[in-house]
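Two complexes, one shared chain (chain A), two partners (chain B, chain C).
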Partner chain A sequence: MLLGLTGGRLLPSPRRCLLHCRHIKSAATAASGVGDGVLSAFRSICGEEGVSLGEAVREQHGKDESVHRCRPPDVVVFPRCVEEVSALAKVCHKHRLPIIPFGTGTGLEGGVGAVKGGVCFSLRNMEQVLDLHPEDFDVTVEPGVTRKALNAYLRDTGLWFPVDPGADASLCGMAATSASGTNAVRYGTMRENVMNLEVVLADGSIVHTAGKGRRPRKTSAGYNLTNLFVGSEGTLGIITKTTLRLYGIPEAMVSAVCSFPSVQAAVDSTVQTLQAGVPIARIEFLDDVMIDACNRFSSLSYPVTPTLFLEFHGSEQSLQEQVKTAEDITQSNGGSDFQWARDTETRNRLWKARHDAWYAALALRPGCKAYSTDVCVPLSRLPQIIVETKEDLIENRLTGPIAGHVGDGNFHCLMVVDPNNPEEMHRVHLFTERLARRALAMDGTCTGEHGVGLGKRALLCEEMGPVGIQVMRSLKDTLDPNNLMNPGKILQREEP
Partner chain B sequence: MSGRVLVGVKRVIDYAVKIRVKPDNTGVVTDGVKHSMNPFCEIAVEEAVKLKEKKLIKEVVAVSCGPQQSQETIRTALAMGADRGIHVDVSGKDYENLGPLQVSKILAALAKQEDAQLILLGKQAIDDDCNQTGQMTAALLDWPQGTFASEVSLEGDKINLVREIDGGLEHIKINTPAVITADLRLNTPRYATLPNIMDSLMNNETELHKPNHRTSLCVGLIPLFETVAPEDMQGGTDRSGAMLRHTVLQSGLGLHTRSLVVFSIGIGKNKTKLGTV
Partner chain C sequence: MLLGLTGGRLLPSPRRCLLHCRHIKSAATAASGVGDGVLSAFRSICGEEGVSLGEAVREQHGKDESVHRCRPPDVVVFPRCVEEVSALAKVCHKHRLPIIPFGTGTGLEGGVGAVKGGVCFSLRNMEQVLDLHPEDFDVTVEPGVTRKALNAYLRDTGLWFPVDPGADASLCGMAATSASGTNAVRYGTMRENVMNLEVVLADGSIVHTAGKGRRPRKTSAGYNLTNLFVGSEGTLGIITKTTLRLYGIPEAMVSAVCSFPSVQAAVDSTVQTLQAGVPIARIEFLDDVMIDACNRFSSLSYPVTPTLFLEFHGSEQSLQEQVKTAEDITQSNGGSDFQWARDTETRNRLWKARHDAWYAALALRPGCKAYSTDVCVPLSRLPQIIVETKEDLIENRLTGPIAGHVGDGNFHCLMVVDPNNPEEMHRVHLFTERLARRALAMDGTCTGEHGVGLGKRALLCEEMGPVGIQVMRSLKDTLDPNNLMNPGKILQREEP
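And now, the complex of A and B:
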């Protein structure tokens, strides 16, 4: 198993030469996958510069930040408005060409790989922030607008969009994968914060999932189409606009770090803090392996034991209350003294360890790649699953520091693995399956925030059960009978 | 000392907006385009508010010169923690010709009027990149100046300043009253929170000043004659300063000796600023 290998490199061994040849062959046949008539139709819709057959461009649009190898599309188109998206989709529909929507390529599950070739719709030229209504706390954005760009735009309105998956992802892409982040415990995930979507379906028709331009804070009107498309990962339609719920920027923020003697103590503190009604904004767990990696990478000196990173948002008075309550709880669970910070610079220093976790994990074994698992279980089962997972890691001699959004019961093992060691790759693969099944056995899910993409289709079947999968398949067949929308993701193709 | 700090804030096109040249080439499109406070002015406001929080100064007054919409920029400054705002109303033709020289004269006059101890400005505006207002203001007032400040600390009636210069960092100590211009690494500006924004909308802390009334304002200088998008430029333009001066004088514009005109010439896709004539 070779990870992340993009073609075009001259490699010595025979097996790798074969891969190289396969790449050359695929480049030669790529253009023939899409006929000249279709290409000129594309060009007449989005202009000459809006259609690209270049190898580098196609490769760039065939991979994301996961470990899945690059699967380039046959052609990349760059529409500038929803009418162009619709026209392009109609052409693809007529010629039965697969359609793969592309935002920023920051996904973690291989969702943009063109497994059957086809047309990648790169939506980065649609980058307007439309319709901001500060009094109503909502804004509508196009797919090219990323999370950080939106928050920069909003900075002088006093509002922000708090869903923070780490990467500077496209907001419509975040809607497509139902992204979440470190703030979810207080502000929710995309499912709670998307109010309306404009979606182009496989046949080019444009649907507004809550009605055109509508943005009531709540509704009981008809089927919940908005949340049907949130998390559909491009398999039901192309999201071209999303209306988002905004929040006021907190008056003040306080961050804190607390070390615990055991995983159980750390998670118990989390549960008790939530039960005490503290509206904590971020509560992140790092296990001892992770803390050790962070200490080395960022030259810090946290005690090498399970640690919680906390952040509180609110007014000055409410912060005092929140911090006091949280401190009492952590002390009662054997936590060390709260190290806390109020001003921006110190807070950033405190959080640096958590933010650099990915790189710190990679630095543990230079030359290796990292893969993040992503399971989510009910809070009460979290201590058990983390303890069992750590035992599994030790038993199988795997490097897997753990970082988690424990407020949601979601944690990630950052598996650091040598891509040139197939035996280790195999062990990692089996480990991730065991982990997912462990989570499913505890009433949880195999993917808390990253999505199903390519790698978790079989696990989705186990999670949903046959009837659930059948309902999903029926919806897919209704909205996309020719299976043109991002084929090969979420649902496995039925064997005829 | 009065303990009062004047902070200049300029309303400019937001940094994230893609600038487009008007079809008649008389300037850039500003209608319907998002405007916000110049990022370096945000840093200056943040520094002033920090000094007030440390109780080293008593009052922060935000000043903006421009049309009606400049009041939004002042309100953002108020929401960030400024105490009062002064809006110097300049609109229409006067606003088109408003440049660093005029603004610095206004600021100098206001500084005397308000008995300011310190003037904090951004080092430059992102629309014209002049980097002149701070220096001119100091010259007009005959005050010391600390430009491109990356660290400011008050020590009695003197200021310790670290400046970012070409050779590295320069440490200077200047007397007050003084003019300081903020560089990028001075601080990270706070976001204005919603409650503070609502407060600033409700309070009417902003005075309106009309120029030629109490402040002396010199307007009516050479207008910008043409704005051209880079793609329209032909290659091979002579870049020597002497050639440039010759061209300008030949065009019979009759430069006022005290005025300054900034030239930019684009070669192909590269626009280079040649400085002043």
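And now, the complex of A and C:
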């Protein structure tokens, strides 16, 4: 079963691309080793229109949604199938050229920057939904398929893919960064929902992490290669297919908003709701600054206090019970009455406001940039870390509303910063390091779902300790001995 | 928070052990390189009573519950803490001695056999429950703690650890083989429930796969080392601590038995129950031969037709709804009325009968041995593979009742075989290979939860293909370059 999904993104026209290529080719060539021979080889694999040296195209592929500066690749290639990805990778391998996979560019830790130049593999032309098996609750997708495109495709099947990081990211990119988001408390992260991957390795060989075409719901057959590549951020290989678990669309969904007198009260309510066995689908925390920003940006009028956005999935009858239990718990912690979003439109507006938190934060300081940093701690440590972090923000005169997937102990500070003010940028940098170290001191992690990328390599060393880092480095050296796959990400290395 | 759990197992008395050691030391020494110097080093690390050369002790540690023949190690050591495990491993590393970790010996694919001799690390003396955090739903255990011991320990906390492979296995051993069992359809397997591991590597260094003491509910920090070691069957390192996710004990549980006119009807009911979003906790299939054996062995009187054992967890109210939906579905597929097990005692008797399937199968042919083989396929392929497998059994005059975790597409044939009849053993061997290949041809795996061990190494090659096997082999070579960690398991290698 195949479907070509037509994305809204535009390829540069072949004509423009070629003219542009001729213009800047020599500059790129000189610096990077991407010579005429290499470009000819690329063109013979994926056509004239599948190779771009255009400055705008390169710049577009050199940055994500973080504040890490643009690091354009020397050339961008647009393969159309795994065979082309493999052939292109073989050329790169032969010429020792870095390979940087690119999905939608919605990452948050600088994962797509070509810090050593090289070849960006833009995978947007591989956009087929393959092998949907509704009765087995699984589907396989190519890297150009985003989560919204997949769910649109699934609409008539009664199934959906629930992992939702907010951005309309590529599903293979979500696998590569081990993404999660608002629904993870109920449905898990990408780690729990990827069943198999097709990966092109640094030498161009193709591996299926659970064996070609396999999709059992569980397996004990050998090492878990699937979860070695999930979260590897393009540093071990290029993900060219992902097989995902699907879920039945719940009979009913209802959302609610509840305001609390304190962070502690909101978090206590969360822990008690989970302890009570309520299978809550989403439980999102917004601090007073964040809800204020959302109110302004999305024309809402919630009280400006610590707030939970909740969502319940299930049958009509089970929803009643879930909601009653959650209401009893929140009220015993001093929470407000629930404000309801029952119909789809109101519910969508509510979650749009949550997903627009980024823009709401930005609107607090027009002209600034947003930088979302992410940590995760055991649930019981959330109140303390949030209170300390808010004090830190005030003390250091920083704007950083807090929003988080509180059922997982995961939260973000949406730092709003003037990129032209180096002193403020430095203060933000120091703040994010303090935040990560605070999480590490509380048995947590420096990143719950954004990944390491460029921004958290030093923190990863502190988190893992020297033996853990050594094991990670040895895995990288084994699978990518020439350090070609997205070099400079996750692990820091000595320059040769 | 610490608790020493007193297991029922007995150490050989130091006196007996020493006498025995002196008697057979030279024989072991000659064959294996476990010379006096090595033994002295071992004794200086874990005491006289922590080193055993006794034949009975070695034989006890050379086999699991499979039909693979006993392959005793040259010596068994009984470390009491991770530092002793590390020090012992360093001695083994220096002298290039194989290391075989041993938990409870309840494996099913020959994973503990010392096929190249060497040193068995029996971990039963490390039996502490460490760091229980009820409010964070996590706990850390040493390798001597079994799942029943943990759940007994947790009884007053309102929490439990649901993964249940039947045997009262060590939790670290369950991590090592990526075990699962009856509850996996709702709570996942070990892959989804292990948050962190402490592992002693081949050179004796100690790694914490998610960083020392860390226990966030999710993380994107670097490569997923935790799931590289889960399911590695002792071939990459010795698991000395496991941090596990816990769950709230459901308010209510109820079990039921339902008989069906055909395998197809039972499987269709399972798929439709999952599609309807019923959060079923257990849904176990037993074929006519299996239910007949269970009836005889456990004094039950269920109809001798394809049967489902079901269990529902939740609030009283949600149970009513779950049960009603499941009953509607089973009846529409021609299932019988549910036979109920509501009180704890009746429920326990029911599940004891299910867990005793092994002994029930054995009782079909007194004096024989049982051999449980395990495959997993996508749900929709279950009816066909079960029907074909039953035909195969009849055609080849084999006794092999079928029981399975049908919600995951995972099932077992409990082969009952006369170990003194080589011709029958050979027929069983050929049958299990055909069964595994049938699963592979249906997009499945040769093992859903038992692991590869010795028995399925050739099948793993067929399942993964050459590139996948090469990647697995390169990971093994990287982490264990001298092939000391449980050599000969999972991956076949050329003899040096």
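The working rule: the second predicted complex is superposed on the first by the 455 of 496 C-alpha atoms of A that agree within 3 Å, B and C clash if a C-alpha of one lies under 4 Å from a C-alpha of the other, contacts with A are read in each partner's own complex, and residues count from 1 in each chain.
The rule is short, and it goes like this: contacts are C-beta pairs under 8 Å (C-beta built on N, C-alpha and C of every residue); 3 or more make two chains touch, one makes a residue touch a chain.
Keep in mind it's a predicted model, so treat the numbers as computed, not measured.
Applying the stated contact rule after C-alpha superposition, one finds that A:72 touches neither chain B nor chain C.
Once the two complexes are laid over each other on the shared chain, residue contacts for A:105 go to neither chain B nor chain C. Within the superposed three-chain arrangement, the count of touched residues of chain A is higher for C, of the candidates chain B and chain C.
By the document's definition of touching, neither partner reaches A:234: not chain B, not chain C. Applying the stated contact rule after C-alpha superposition, one finds that A:158 touches each of chain B and chain C. Applying the stated contact rule after C-alpha superposition, one finds that A:487 touches neither chain B nor chain C.
When the shared chain is aligned, chain B and chain C each come close enough to touch A:248. Of the two partner chains placed around the shared chain by superposition, neither chain B nor chain C is touched by A:50. In the superposition on chain A, A:401 contacts neither chain B nor chain C. Residue overlap on chain A between its contacts with chain B in one complex and with chain C in the other: 158, 248, 250-251. By the touch rule above, chain B contacts chain A in their complex via residues 14, 16, 34, 36-37, 76, 79, 188, 190-198. By the touch criterion given at the top, residues 133, 135-138, 158, 177-180, 184, 188-189, 191-192, 201, 205-225, 227-228, 230-232, 236, 248, 250-251, 271, 274-277, 279, 314-315, 317-318, 321, 325, 376-380, 408-410, 439-440, 443-452, 456, 460, 463-465, 467-468, 471-472, 474-479, 490-491 of chain C touch chain A in their complex.
In the complex of the two chains, the chain A residues touching chain B come out as 149, 152-153, 155-160, 248-251, 344-345.
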